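Letters A, B, C and D mark the chains as written, and numbering starts fresh at 1 in each.
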């Protein structure tokens, strides 16, 4: 018996992988074509993948969501110009263990590049390490991993949320009671955004008071409920920060119904199409907009370079890190965002 | 004088409005086989349940070998050597015979591991001792019912009980098996075990018991040595002198075998694979046909097929001359058949619903106006039935659960009377019903008969059969073995026929 | 005095839920007077309308000893179908019918498998949960589909009528309808009968399987109505709505209302009580700004305690 | 006898599915895929074993997912905040999980709550507790600190039997993860407990016929409590294996796992009406689910279609079991007929 990590440091045992003989003669005979895998196919890497046909790339998302869907569109846009790439989208179902299992499957399948939107930085690190050992490049989206890997393309949650806090406070004139529409713990972007926002307020507008921090489960409907309730207890509520746009739009719905449009300062985060339109209509005050298509394109562009095989995946001691430029979209700035950039 | 092995004093148990047992004294000496007899609902089962700890009495004490015991705790009773063979199965169907026999007391080896070899050996030894042969490894649920009963007996014997209670132990057994069981009982008696033997079969009581206790209406009304009492006297004690006289009178005066002569239901060669075969009989308007036989003779299964709850494999039925093939109870009802099932708690009543709801359950369309229930019609129907059947208490909104057995049965009968059935089938209509209500139910049946309904009663209670029947049909092991005019067959002949003695 | 405590407990046990509700309302009102503002009270009803409509629909299913875990994705799919129909130019009433038919079809399918094939409802509807979610995502994708230019549709969730949100009216209407069904029609009686004793109901000549199918269909339609209300309330339809946990909230409401998961006893009116109870707890804890961890713990404890109290007999 | 034949039927179904994917799905029949299957679903199998106990008792345990999170977070806190040694942390986490399970049992036995609703309440409460004690929220920076204790990470070890036996030159055997062996040990232990001890036999009786159990003097309350405690224990064990695999715990760990566990148990032939089933079936059920999920992914089938297919297979599996059951009953009646007419 031996510890896997130790052995693997000594030499990549995957090189010895010859496919599985199930130990059954009958099966072996029946499946000569299936199990008598050429020793080469066992060794994984872009070159062998290409030998077998197209290069495989896959994106493991957090859960079905607008943002990941837009990334996927951006990636496909780039990758489909390369006819040798097979791309597909896999769903992590908001569960770390599912993401880990999908990573394992993709490693086994011999993907060239895995795009990963990790639910957690640490939890996916062992999987990323495993992928690296197998010569697979991993590109993380939005949430970095503690294991160094090929590239990381991020929306910039923490600093973005700080900037939101700044703009938010400016709109409020530096004072007032505000509420946060939060998500339940368990995914890291929630923590990064909340912390960024709170730190930003502390830094730029210490006079602003957070009177409520309630979970609305990322949901517009629940956000409506929570804000209605909070308004009853805090009639002076001056501002609302939604950790994502859906929840902010829920607050907008309530503001509209109660005739508070324009009076209540509401910020979201993400910058989806609906949010931008709401800003233009003068309902939502602002959001952090990131060109998510572009983010996907960047990731895909990086992937095509990596898949060329010129840079071995194991070589990434220090990963490339790209913080996406973002705009704090408000009524003033929203016009600069082109229709083609809206998702 | 020796101390009784088990002695109960002033035992009573009240369920809501029903007094199931009142101030009963009861004792059994070592090496005594005591018969416990009484009609259904006389309180025998309650008494037994108190002695096994399944039920806690509301009053009274029990002593075993002179020591008072804690009541209402089955494990305490088992520890003190009281075992019981219940009327209803108390086996775990998914488990093996040997696990059931030594349930909770399996021999264990190291690490709490059950010593399966020893368990099997013990089981085999026990079976050898009592002359039984069942595969100890077989799963109980897969055994035929007769064998399951043997497992229950083994389970009790395995306890090396000093007091063995047997609640209707022979209901499932053939004549030969009964004889063998009685032999076992005599062996046990010789070794000083006290046995309480409950049975409706008076022959068995006379054959195996030393003494007999008679119960009626929740009370002990007589105790005596078996040699000191004659059969007729025992029956009289059980059912009460008045009823005995009345029923004898009613029976002889009012029998109408053949009814009006009009054939309401004709069954020809009805078969269901593995259940019953080639059943043929006619049921006339204006008569009561009693179908009797041992439990397990498939009477109930036959009734379910006639009522459309199960399908037959072969044969035919005609109702009032029309050939029918019911695929559901609803279809049978549409043809004017009503069915009062045997197990009123399992198949008959909605215990949590009010009496009214139960009364209208099979005649809902009658009390509807367009798509709505017509509350006034519902209330009127309930009121009428309560008055007709003298249901006590006449509280129509009370849940069925809270009525006594007899009144529950009346509710069930009333539910079908409301349909105005041309054919009414009743399966064991007076199980667990007190004597008074029993007479009332017989009265209701006769009234229906006289009004022209055809009535089919399934019963294993010979008292009942001879009291209420115009004609008697006997089933043995899924076959119809004979149909007789009630006056034309005497009791001992009937018992032989039921027992399968050709 | 001491002897009378259990007796008192027995007497109060059936009213444990209303009493617990009263205690909680008083506690909330004392710590935050704004809780009792009419605005907030109406808010509570609006907040529970969606869960409430589903709970009303599911009460009958649970009364027959069944359960329906598939309501979440049905909610999502009905909204998506209704919106897609609208966008395709189908008139509003027909679009709504299209949305509702999702619930009807899924419900009938659930009912068929449960009643006819006699498979355990919890597994059948768990499988259906997965299948309907997959179908919804196939049809609608992961995106949010904004509802634009369908004013009448938007009014279902967001409009007001006589000073009350239309969703509240709808919730009330569904409730009243189902209360009437339960109290005044044979179906109500039949549901109770099947729940109490299915064998006996069949032996009384009732078509129990068909009835059960109908009940699952009602439950599905309830979820579909909820889906239409939700999509119009949030001006978006999405295949990911009705996320995992929706069905558990609905079931918890029904059970809090005193319906046993074993079947039998149950009433639509009391389900509403259960719905309001959970709604009040959520609302009160939001208004008091209770952190999410304490919210969940309190919710668990309150559910367990109030049910234990109502079980407290003898 | 019948339970065994049902298990064989399930095994046959599993093998058929397995062979289908071996043939149809590229790279399914590889050593590394077997590793993935074993390491990715051993903990599901353990959860399914645990879930069998409440179900055998006619109950259900919806809170296992939350208990997984709770035990995981306890490991996280003790390791990263309190810096306790791993050999101490693991038993503490297991005890905590077992107690959480026992509390479920207590609610069912003492407060007479219906298991579904009792464990639904604790599902919320335990999850809330996880949020409360989450070191990720209490101490900034811990959310990006992996757990490095060898006692814990050592659980994520693989054994290379191929080289051990010296046959790796001509076949490549999958490396077997320790979690798989732990699962086998749990399986063997609980199989023994159920099949060969008084407690196990009593548990079947309590689930199959509670009245008979009571009359046989079995302490039904204690057996029930113990059954739920076993479910909690298994959730704790699964949590430890997950933490070892992920090198961390998150607040959302275990969400929805109760449904996988229930599905695996029921597919594995544990009857929801109690008293029927084994722990072998649920393990096969868990790996069947795993095979299907991985196989469909390797076939390149869209995740959305996968959800539809998994649902359909779930219905098919219980439906198949139902058909077998009906056929068995029919055969029994026929046997009985021969006996009585003989």
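The rule is simple: a contact is a pair of C-beta atoms (placed from the backbone, for glycine too) under 8 Å apart; a residue touches a chain by one contact, two chains touch by 3 or more.
Remember, predicted model here, so these are calculated numbers, not experimental data.
> Could you run down the chains that neighbour chain C and chain D together?
Shared contacts of chain C and chain D: A, B.
> Weigh A-C against A-D on C-beta contact pairs and write down the one with more.
Between the two chain pairs, A-D has more contacting C-beta pairs.
> Based on mean C-alpha positions, I'd like to know which chain lies farthest from chain B.
A
> At what distance in angstrom does the C-alpha mean of chain D lie from that of chain A?
Their C-alpha centroids are separated by 31 Å.
> In whole angstrom, what separates the CA-based centres of chain B and chain C?
Whole-Å distance between the two chain centres: 44.
> Calculate how many whole Å lie between the centre of chain A and the centre of chain B, each centre taken as the average of the chain's C-alpha atoms.
70
> Enumerate the residues of chain A that touch no fewer than two other chains.
184-185
> Scan chain D for residues touching two or more other chains and write them down.
Within chain D, the residues that touch at least two other chains are 131, 255-256, 302-304.
> Which chain C residues sit where two or more other chains touch them?
In chain C, 137, 291-292, 295 touch at least two other chains.
> Which of the chains are touching one another, listed as pairs?
Once each pair is checked, the touching ones are A-C, A-D, B-C, B-D, C-D.
> Give the list of chain D residues in touch with chain C in this complex.
Residues of chain D touching chain C: 60, 62, 107, 111-114, 116-118, 120-132, 255-256, 259, 262-263, 266, 272, 302-312, 314-315, 318-319, 322.
> Which residues of chain C touch chain B in the complex?
Residues of chain C touching chain B: 184-186, 189-190, 192-193, 196-197, 199-207, 264-265.
> Which residues of chain B touch chain C in the complex?
Of all residues in chain B, those touching chain C are 307, 309, 328-330, 332-333, 339, 341, 346-353, 357, 360-362, 364-365, 368, 371-373, 415.
> Over in the complex, which chain D residues touch chain A? Could you list them?
Its residues touching chain A are 19, 22-23, 26-27, 29-36, 39-40, 43, 131, 134, 136-137, 140, 143-146, 154, 156-160, 164, 168, 171-175, 242, 245-248, 250-253, 255-256, 293-294, 297-298, 300, 302-304.
> In the complex formed with chain A, which residues of chain C make contact?
32, 34-35, 37, 39-40, 43, 46-47, 50, 137, 141-144, 146, 158, 230, 233-236, 239-241, 243, 282-283, 286-289, 291-292, 295
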